[in-house]
Each structure stands twice: as structure tokens, then as C-alpha cells.
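Going by the order they are written in, the chains are A, B, C and D; count residues from 1 in each one.
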Amino acid sequence: MTSIGVGLIGTGYMGKCHALAWNGVKPVFGDGPKPRLVHLAEVSPELAARRAEEFGFEKSTSDWRALIADPEVEVVSVTTPNAFHAEMAIAALEAGKHVWCEKPMAVGFAEAERMVAAARASGKVTALGYNYIQNPVIRHIRKLLGEGAIGTVNHVRFEMDEDFMADPEALFYWKSEASSGYGALDDFGVHPLSLMQFLFGGVTRVMAQLSMPYADRPSRDGGRRKVETWDIASVLLELRNGASGAMALDRSAWGRKGRIAVQIFGSNGTIAYDQERMNEFQLFQASDAAAEQGFRTILTAPVHAPYDRFIPAPGHGLGFNELKIIECHELLKAIGGDAAAQIVGFEQGLEIERAVHAMAQSHREGRWVAVD
Amino acid sequence: MTSIGVGLIGTGYMGKCHALAWNGVKPVFGDGPKPRLVHLAEVSPELAARRAEEFGFEKSTSDWRALIADPEVEVVSVTTPNAFHAEMAIAALEAGKHVWCEKPMAVGFAEAERMVAAARASGKVTALGYNYIQNPVIRHIRKLLGEGAIGTVNHVRFEMDEDFMADPEALFYWKSEASSGYGALDDFGVHPLSLMQFLFGGVTRVMAQLSMPYADRPSRDGGRRKVETWDIASVLLELRNGASGAMALDRSAWGRKGRIAVQIFGSNGTIAYDQERMNEFQLFQASDAAAEQGFRTILTAPVHAPYDRFIPAPGHGLGFNELKIIECHELLKAIGGDAAAQIVGFEQGLEIERAVHAMAQSHREGRWVAVD
Amino acid sequence: MTSIGVGLIGTGYMGKCHALAWNGVKPVFGDGPKPRLVHLAEVSPELAARRAEEFGFEKSTSDWRALIADPEVEVVSVTTPNAFHAEMAIAALEAGKHVWCEKPMAVGFAEAERMVAAARASGKVTALGYNYIQNPVIRHIRKLLGEGAIGTVNHVRFEMDEDFMADPEALFYWKSEASSGYGALDDFGVHPLSLMQFLFGGVTRVMAQLSMPYADRPSRDGGRRKVETWDIASVLLELRNGASGAMALDRSAWGRKGRIAVQIFGSNGTIAYDQERMNEFQLFQASDAAAEQGFRTILTAPVHAPYDRFIPAPGHGLGFNELKIIECHELLKAIGGDAAAQIVGFEQGLEIERAVHAMAQSHREGRWVAVD
Amino acid sequence: MTSIGVGLIGTGYMGKCHALAWNGVKPVFGDGPKPRLVHLAEVSPELAARRAEEFGFEKSTSDWRALIADPEVEVVSVTTPNAFHAEMAIAALEAGKHVWCEKPMAVGFAEAERMVAAARASGKVTALGYNYIQNPVIRHIRKLLGEGAIGTVNHVRFEMDEDFMADPEALFYWKSEASSGYGALDDFGVHPLSLMQFLFGGVTRVMAQLSMPYADRPSRDGGRRKVETWDIASVLLELRNGASGAMALDRSAWGRKGRIAVQIFGSNGTIAYDQERMNEFQLFQASDAAAEQGFRTILTAPVHAPYDRFIPAPGHGLGFNELKIIECHELLKAIGGDAAAQIVGFEQGLEIERAVHAMAQSHREGRWVAVD
């Protein structure tokens, strides 16, 4: 396979991110098929045409079904609002396309299960946009854990915080509606959960507390409307290996912009990481000499693959968008039959969804809930 | 009152810290009675004599009851192992002395209640060694919260981590015995709880998960002994003002040495602080201009009382021991009748103990427990 | 102009970086002509063909003159070793092409002067690869300085440090030969100087000290060879606005990987920045309230143009390679006739070279040297 | 010797700091003679009496000569304004007292030379208040350098910055008068120079640039007065071991409060330190594994003597004032005949002064000046 035909549905935040990845993956990695940017779908023909010109796609349409029907399209990027994921992904799979779908998988658990069923039936490759696991830092942490660099992991803490819901006087919008989901739990929780799955094989038991910083918000009519989702979630949990853990989520945390703070405690050391400084991590090893022990701040470098594919010099730094290029490369590896490709397929994605719903249940019932 | 007679029982870690405070409080603050260092008690007459000479006490004894009986002693520092706190503090109160007792208050809740009863009966001043609330940073944070600098607090996170129990091959000792208490919960949890009490009036509802990083540890006889305490605790909680929160404790967290990390989220900003860098804190205010918003790292300065009593220049830094000097000064203010003195008396200390025991109960029962 | 024909000479570190920029600029920015990747030159036909396939170029050659002669090529990226810059750039200009040349401009000052002459004669656009000025952080700092956010600048400090020459037992290679230039001064100094030019209009007076951490290095024949360049340089300087400054360079600074640390002191505040954490900067403003003064850590965000063209959410972070995409966009703006495009043309580049040579002279003569 | 009689002249910033040290040194260290606080001198009898009561001195006086004449006084703390240092120190030495004098030594070089002559003639112990060398961090850095932990040092950078002169609209006061000295050079420069002496044996060659951020300042009469001192100094230098270095001083650096930033580069690693975070330092060692290399943040701990004398637990932190207690202990060791005591005596202090004056000369003459 020397080239692969690409279709892109949606060109918002993540749609553009996919487009940049499809343009960059071959120049960065050099290997694999060359993406041929075949078809782009947007809500109007005009916008679709404009974005196709910008992003380098050959054809454009306002009918996503036409894109899926296009025989030249072999893989479809689904980057539309969450409510459309299931329908589009299932249609694409049924049309025999590989699917690269943004997270979260779907709005409800039943939909996610149908996506998994469609994926199984199709035999095609599926990948969800859990790009944080693609960070060379996270990959290197997994390598260190596997080598026992900090011994046996006995406790973890994950925090994810941003502040786009922090202003109490910002207008009520769909993220505060119950139809959008639980709130921080599905909006954010899936990211730390993807990291826990990647690093530790997932969680087995959860106990959550959901909370609302603001009971209501201003509505367009000048009044106030009751908030229906929880912008904050705090969760106790147990990892598959038996370690205890905590996860804290807050999408109304003033000053946090893209924080995913990770602390991993082991019998022989500790690892810490924060996505806001995504090009470094902290390592403490108990084996260091007593008077010179301390957390090392390790900058990413060519030795942390695949950083080397981007930059041959250490400490120069990757960006958020470049994680998507790595994800795209892993997807292409999976399509090419590489079983070691590091993607979160629909089956694995369902496990993440399962954990999210177990958390919501534990909140409602005020007790621990097993994940499976 | 121009002077006050001081007795000191115990000269270990905290005993020396009290001794330094009694020596330093008058030169630092200039006001209040001059402490007269009257009597010091230790386990042997020789050690007592040596420490008395070093710390500047006039008399020494191996019989702590003699110290308490000494009419020249007006206030007694109790810095012995936790198991002795109740007996000594009650005896001192019954002898009509003020008592300055190290934390945690007592090993069991019943003992703590008897201490409160003795304090009430005596009419004397009692103070517990919760020195972290004395940090000028913490005092200034309380001031900022009171002024609404970050709006209404809606969520908090407290972490306390050290690594003195982190080595799985360190010999079993009393901190792993059930008789010492729950583990991290009483050993550490009382400190964050003292901060929550000082800043927010305490907690009302808790849900804890206790865990053991190591099931057993080497014993002196060459075998291994089962661990009976939980070195790790993770807690969901609710503050008196209704805000949600989380508390995470780990005394086996490699690389953490004196970490008490605090995050306070409000409707108009965020405050963060870490005791390992005790001379600074972080403040984010939503009212800053959009393109120049960020966490400010604020160094302590004379404007943050009572830093000014130690150093007239900003950014030069106080030390851990100096918090105890401030605590000592607050105790002397309370003895002098100042109702605004910032100490944790036995009554308030009992509330902290109550929360600790509620957490342990919630762990056993797998459900939320009200602190009341 | 809807498209522009691109030629790329060299595909090493910077060659690949240019290739990624040519691929990414249109999808990221959406505006301007679409780069048509016409011709790529490398040292062998095989390598040229392989890279052309990877980077998406239509034609390849081992004869860079053929590339320059190609009428479909309108702009040429010159990313070969420094010794070739002048010859290639001049040839391209004489052939009527725009030129995007990597820094440093040339090995000697006379060569750089010839490049300027050729640029003037051609009337074409020239740009040097000073990509650090393209960082949205640096652009925002310039905006803040222009608005007087920190008052009148009275002092600056610039440091640039890496450690690729730090190992004394690494084999002698061309960077230690006098023919390569002075050492840190031209290898590194040009970067801080590009920032000083961008932010302050350049330097007027310099006084440098060059030093060698290692007198000799192992040679391939098993002996040792005398080092002829200075890996360390420390410089006193005066900015065009009269402010004093210091610049420190060290390419043998263990642990520094891509450090460009900037401190700018003004009459009303201070700005600090470090390229190793290229997505944030520090701002202190004297106008903040006394008890809440401190350096703000400001994360890049859409409000810091052109970050918004890459990511619509704040705090997610750009990477080093993405600076080159911004540079490429500025070059295209300049080619399109936009006089406000922010590039360092050959004329401005010559001023940077002039400062470098003045520094070397001041070292030799042990005295201050005026730059112009 | 079981006790030593102490006299204290001056009770301002440093006077109080000495008083705290004299009160704390015995309780902290336990060894050595017990300071007997005999006599205190201040400008008025009332102030002297009040401070004597606060600080625990037996007698007080407004006549410093009476204090020096007091036969019970064996060692004199001189903490008055710089202009009085020479006269008082010489008088005390001539009266057969040991002298602990604050820095800088004296206003002019000739005065400093007379102090050295008096010290030599007396045979008494002299110590200058260079307390930063007493930081356990700095001591441990010296130990590491001695052990070759970072190989051969080839380059250093020292910065010292505060902002008490940063406000251009603050009233003109004596620090802007030529009679006070050069400005930042003697006010600040002596501190980094004391560290360079302690760590590297001092400097041999210097080249300085002095600058004024503000040409004039408001005067009390409502007009403006010309500034006569240089608030900023930048210096190139060479250490005794041949390493190159740079020193940057700024007492008008907004936001810097007590910054003394040190970077030490060696053939096998790098050490960094900032006095604003005085309880930690950074160590990079080239011998660490390639993928886990990084600067370690090392918190002070009991293993870094004499931290252990203050606190038995790591990471809890000393304060600025406690450095003076260590200095006091070193002085007492020197008085007790311990040749290894780490103090800066008048002879060593004169070398620091010599370097300062050489720097001023190099600025005037625009050339390098040898220090001795």
C-alpha cells in the first residue's frame, strides 16, 4: 500500500487537528502509505469547499453520507459533535472504511456498545482520539514502569482541570444540559482513564462524588437557568493491579488551562507529570545517593521515541497538535497490520465508557461500584 | 505579667522545637511576658540535665510529675510520644497549668474527650501543635478568602505526602502497629484538617479509602511481620460551606519530604500552596486581563504578618521552626486574654479527631459518614 | 497568486523543519498561496528521491543548480551547512527566486555582505531562519513592551545554553575548528541577537569574553587535538535604547538542552522567559497590590496570535517545529507584499553578523567595541 | 570556657538578626560556650533599654564605647550603618574583644585595610556577616565540588537582584549618594563574591559595566536630584582556577526580592541554586542514564549538615535568620580555636573589597583589571 484515501467529517477544533495530522504524518515519519486527501464534509457546501482548499482535500461535500459512499475513501476521520459519532462511525464501518473517531465515543453507553458491535462485524480498524497517550513522555513513563524503574506501583493520583466553565456569569450553554452527559466525568474523565488504561490496564472499582460549583447560570432570555451537569468530580478508585488511586476533575478551575497532572507512586520511586508542561516529566528514584536525592526534571529528547522523528535535538519541545500526528501514525500502523500499534480501539474505548458510567452510578448510590 | 514560668516535657523532634520557640519568642516579637525556662523533664536525670543546660532551663528532672507539681511552672509543653499526651496534659491542667500539647491530641477518641473535659474544668488555656496554620502564607490566604479575593470557594484539594514509610525493606516499627492508630489518617490527616478548620470551619461529610502499599515488612527476628496500619488514605469530603473536596495522604510517597499541597478553587480565582516551598503561594485571579492572566508566585514579605517581626525585607524566607515561634506567641496572647489568638485549643482539636474517626468508619463501611 | 512553487535544498535537521513548514502552512493559516512542492535537492540522487517522496516534492535532484534553474521554483529553502549558504542564496537570487536561508547567514562577514548585495540587486524577498522571534510568547512580549506594560526597559539579560559540546571526551569535530567560526558566538549568539533586534532594535556597543572549557579533545587517531573555537562567551552590551545588558552563551553547559533564558527589567515591571518552556512566560507588574505582587506564569492562549491558528483552547502548547510554520507564513506574507511581515531579511541579518564580529574583536582587544 | 560575654551594637535589621542568633545558638547546637548577653548599645538610652529587655541583654547604653570598655564583654557584634564599622571594630579589637561585624566591611578600601591591621595586631577572632555561605545548600555544593561531582568547573554565573531601588518615583535617599559607595557593586556584589571565595577561592580578573536605570529621583523639596550611584552592575570575571564567569547585580529589578541565582558548569555536570528558594538546589550529572537525565531538585535534609541540628526531618526548611545562627556557631568555634571554622575574617573580607574596587576601576577605564 503506497497511499491511502482519507475522508474527513468536521473541521472544527479536532477536525483541523486531524487535517494537520493527515498532512504531517508522512513528512514526519517517512514511512507507511502516503495519505491521499480525498474528501471533506462540512455542514454547508461553501464551508466544505473552503476547508478542502485550505486543508488540501480534493473533493468536498455537505453530505457526509456521500463521503462515506466514496470508493476512494478508505479511512474516515469523524470529528463532529459527540451526538453524531455513533451514527457516522457505524455507517463508515458498514461501508467498509477504517474509522478514526474523536472522543468521547458516544453520548450513551448503548450507543458505544453498538459502535463496538459494528467494528467487530466490519473487521476494520477503529481508533479513538485519546491523543495524550501518544505523548513521548507518557510512552517513556510506560517503558519505565515496565522496567520496574520505580518498583511496584502502589498508588496513583490523576487530576484534570481547565477553566472554560469557571465563569459563573457565562451564559448557559449545552455543556450544562443533562443531555450532554454527566459533565466533567465524561468530558474530562475519559482522558485520565485512557492514561490509566494505557499505563495500568484500567480500573476495577470506583467511588465518585460529583458536584456543581454553580446551581444556575444566566440564560439568553435574561433570567437564570438551572445547571444540570456536574463540572467537578472527585473519584476514589482501584487499579487492575490492586493499587489505590484518586482522580479529580474540574472544568471550572480558574487558571488551569490544560492541566492533566499525574502522580505515580511505587515501591522504589515516584513519577510525576503535568500536560501543561507536556515536554517534561519528574522522576524520583530511591536508589539515588541520600544527599543527592531529588525529583529529576527530564526534558523530552530524541531518545524518547518518536520525538526523534520530529526533532533531532533534545529539549526543543513538541506541541499538542503533534500528538495527533503520532496518533495518526499509529492508526496507519494498525491499518498496515502492526499489532503493536498503540491506539485505543472501540473495544478498549468501551472499557473507558464503562468506568465513567460506573462512577456516575457510585455517585448516585453513595457506594463503591465494580467496573466490570 | 512580665514573665511566665515554662516547663518542658520531652526533648525530641518537637521538644527541641518548643525549646527554640520559648527561647526565641520574646526576641522576635518584643511584646508579651518573658518566658522563664523553669523546669525540663526527660526520661533519665542525665539526659534531662544535659538538655536543660543546652536549652537554658533552670531545673531538670526525670519525673514529669515533679515538673507539673513545680509552683514556678505556669505553662507546660507536652512533647512526648502520643500515648502520653492525655495523661500528662490532664495532670497539668488539674495542677492549674496552661498546656501546649503536640499533635495528634491522643491515641483514642475517648482520651481526647477526657482532655477536653479537663481543659473545660480547669479554665486554663490549651493549645495543640498545629503549626502549619501559623505560616504567614496560610494566614494571608485566610485573609484573601475572607475578602473574597477568589470569590466563593467551591472546591478544594489537600495532599500531604512524605516518604519515611516508603522503603518496603525498612524494619517494621511501631508506626505499623494497630495500637499506633490508623496510619496516615491520624499521623498526617490531622494537619490538612487543621488547615481546613482554620480556612473553612472544618468538614461535615467524609468518605475514605485506606490502603497499604506493603502487606508486610521485615522484622528484627529476620522474618516478616504483617503491617496493621494504612500508609495511604484518599478521602472525599464536604466542607462546612458546602464546597466539595478531596484529601490525599501518603506517608510512603518516595521523594515527598514535607509536602502539604493545597488547591482552593473559587468562583473568581484559585489559590495554590505547597509547604515544601513554604515561603510562597500561587494566586490566580479571573479579573486579570485575558492576555496576561496567570498564577502569580507571591513570596512572603513583611506585608504578610507576622513575617515582619522576623525580617524587614521581603523574599528572604522563614523556616519551619519559626512557625513554632509564631504558635508560641499566639499561645502567650491567649494566656494574656486575647480572644483573637490563633490557636487550636483542645475543643477545636476534638473536632479534628472526630473527622479522623469518621473517615476510618467510612472506610470500614464503604459509605459516606457525617462528621456532625 | 493561488500557489507558489517551492524548492528545498538540504533535508537535515532544518531541511526537514522547512519541509514540515511548507506542508503545514496552508492547513494551519488557511490564507495565502498554496505551496506547491516542486523540487528537492540532496547530495545523492537516491537520498533526494527518498526525501522527495517523504516530504511530498514532485521532483528531486542531486544538483542544486538544476533546482535553482527550474522555472517552476519560485522560492528556495537553503538548509545546507553554513559554508554553502552564500553561494546558494546568491545563485537563487540571481535566478530571480525568493530565498529562505537558515542561520547563521554565512561563515564570514564579507560573504554576508555579498548576500545582502545580491538581495538588493534582485529585489526578491529574503528571510533568515530566526524562528525564535516567531514564538507567540515573544510576539506578545514585544506587544507588552510597546504598550509600556513594564515601563521603560533599563536592563536585559539573555542566556543561551545547550550541552552538545559538554562532553570533554567526545571526539573532535568540525565545530571545534577555527574554520567554523568563533564558536558559541556565531553558533548561538545570533539567536539572542535576533531577539534583541526584534524587541529592542539591536545593540550598539559590546565587550566580550570568549573561553574554552576544554583545551583539547580526542581525535580519531587516538591522540588529542587542540580546540580552536570558544564554546563559552560572556558579553556586556548596550541596547539601542541605551539600556545595559548582558548575554551569556555556553554550548558545553551540561543539562541545558534548548535554553534561551530572557530577563527584561523595566521601570514598572519585569518579564522573564525560557525557551525550554516555550509555551509560557513570566510577568511582574509593579502596579499589582503589595501583598499580592508576584511573577505571573502566563500560558500561551488563542489571545496570543497566531496561537489561535493552531489551537482554539489555551494552555495546550505549540512545539518548536510550529515556530517554523509561523516563519513560513510570514515569509509568504512578505512575498505577497505585506510590509508588516515579521521576518529577518538579509539586511537585518547583516546587523546581527556585525554584532557578532564586533564581539569577537572586543574579546581580542580587551575593550568595548561599537557595533556600527 | 562554659560561657562567653556578648555585646551588641545596633538593633536594626541585622542587629535583631544577631540577637536572635545569640539567643538561639546554644539551644540549636547544644555544644560550645553559652552566650551571656551582657551589654547592648543603641542611639538612645530608652531604645537601648527597650531592646535589651526584648533581646534578653543584662545592661544597656547609648554609649557604644562604654559597651566596648565593659570587661564582661568578650565578643562584640557590630551591626550599625556601614560608616561606623571601621571605628567600632577597631576600637573593640584594641580593647581585646573578638569582633563580629556586618558586611560590607567599610566604606573605603583604606578603612578596610586599617581593620585588617587592627585584627592582626589584636590576635582576636574577626568575622564578617556573609551569612549566605552558611546555608547548608552552599556547604553541600562546596562538598560536591570538592568531590568532583560535576568534574572540573569551567564556567559560572552569579546573579543578585532585589527591587528596593526599582521604583523611579521613590524619594532620593542616601543609597543614591556617591558617599555610600558605588551602588549595587558594594551593596550586593560582596555577597556573590563571598560565595565565589568560599566555593572557588575568589576572582583574579574583572571587567565591569555599571549603569543607572534612573538618572534622577524625586527629592524632598519637590524637585529632582541627580542619582550618583549605579543600581545595576554587570561583570565579566575569571576565577582563581581559570574558569570564566559572569556576575550580574541589580537592585532595581522589579519582582526580585532576595534572588541570588548561581549556576556552576563543570566537565561532568551542572549545579544551580537560587536563594529565593534557599532550601533546595539543582544538580545535573552527565553520568545519569541518557533517557532519564535531568536536573534533580534536591531539598535540604539532615544529611546536609548542619540542617540536622535544627530539624531531624528532611524537606521542612530553614529560614534566612537561621543562617545567622550557623554563622554565630562558626564564630564560636573559631573563638574556641577550631581552625576549620567557616567564617569570613577581616583578611578574607579585604580580598572581597579588593575585587569590588577593581570592578569599579575596570568600569572607569573600560578594560580588564587584575584583582591582585
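Here, a residue touches a chain if its C-beta (ideal position, glycine included) is under 8 Å from a C-beta of that chain, and two chains touch if they have at least 3 such contacts.
The chain lineup, named per UniProt: A, B, C, D = Myo-inositol 2-dehydrogenase.
Predicted model, so just to flag it, every value in this text is computed and none were measured.
Listed by label, the chains touching chain A and chain C alike are B, D.
If you compare C-D with B-C, the chain pair joined by more contacting C-beta pairs is C-D.
In whole angstrom, the spacing between the mean C-alpha positions of chain B and chain D is 34. Between the Cα centres of chain C and chain D there is a gap of 41 Å. Centre-to-centre separation of chain B and chain C, using mean CA positions: 53 Å.
Shared contact sites, meaning residues of chain C that touch two or more other chains, fall at 256, 293-295, 299, 301. Residue ranges of chain C in contact with chain D, taken from their complex: 150-151, 154-155, 157, 159, 166-168, 207, 209, 211, 213-214, 232, 234, 236, 243-246, 248, 250, 252-256, 265-270, 284, 286, 293-295, 366-368. Across the complex, chain D meets chain A through its residues 140, 144, 149, 280, 283, 288, 290-299, 301, 303-304. Those residues of chain C whose C-beta lies close enough to touch chain A in the complex are 13, 16-17, 19-20, 23-24, 26-28, 30, 34, 50, 53-56, 162, 164, 256-259, 276-279, 299, 301, 310-322.
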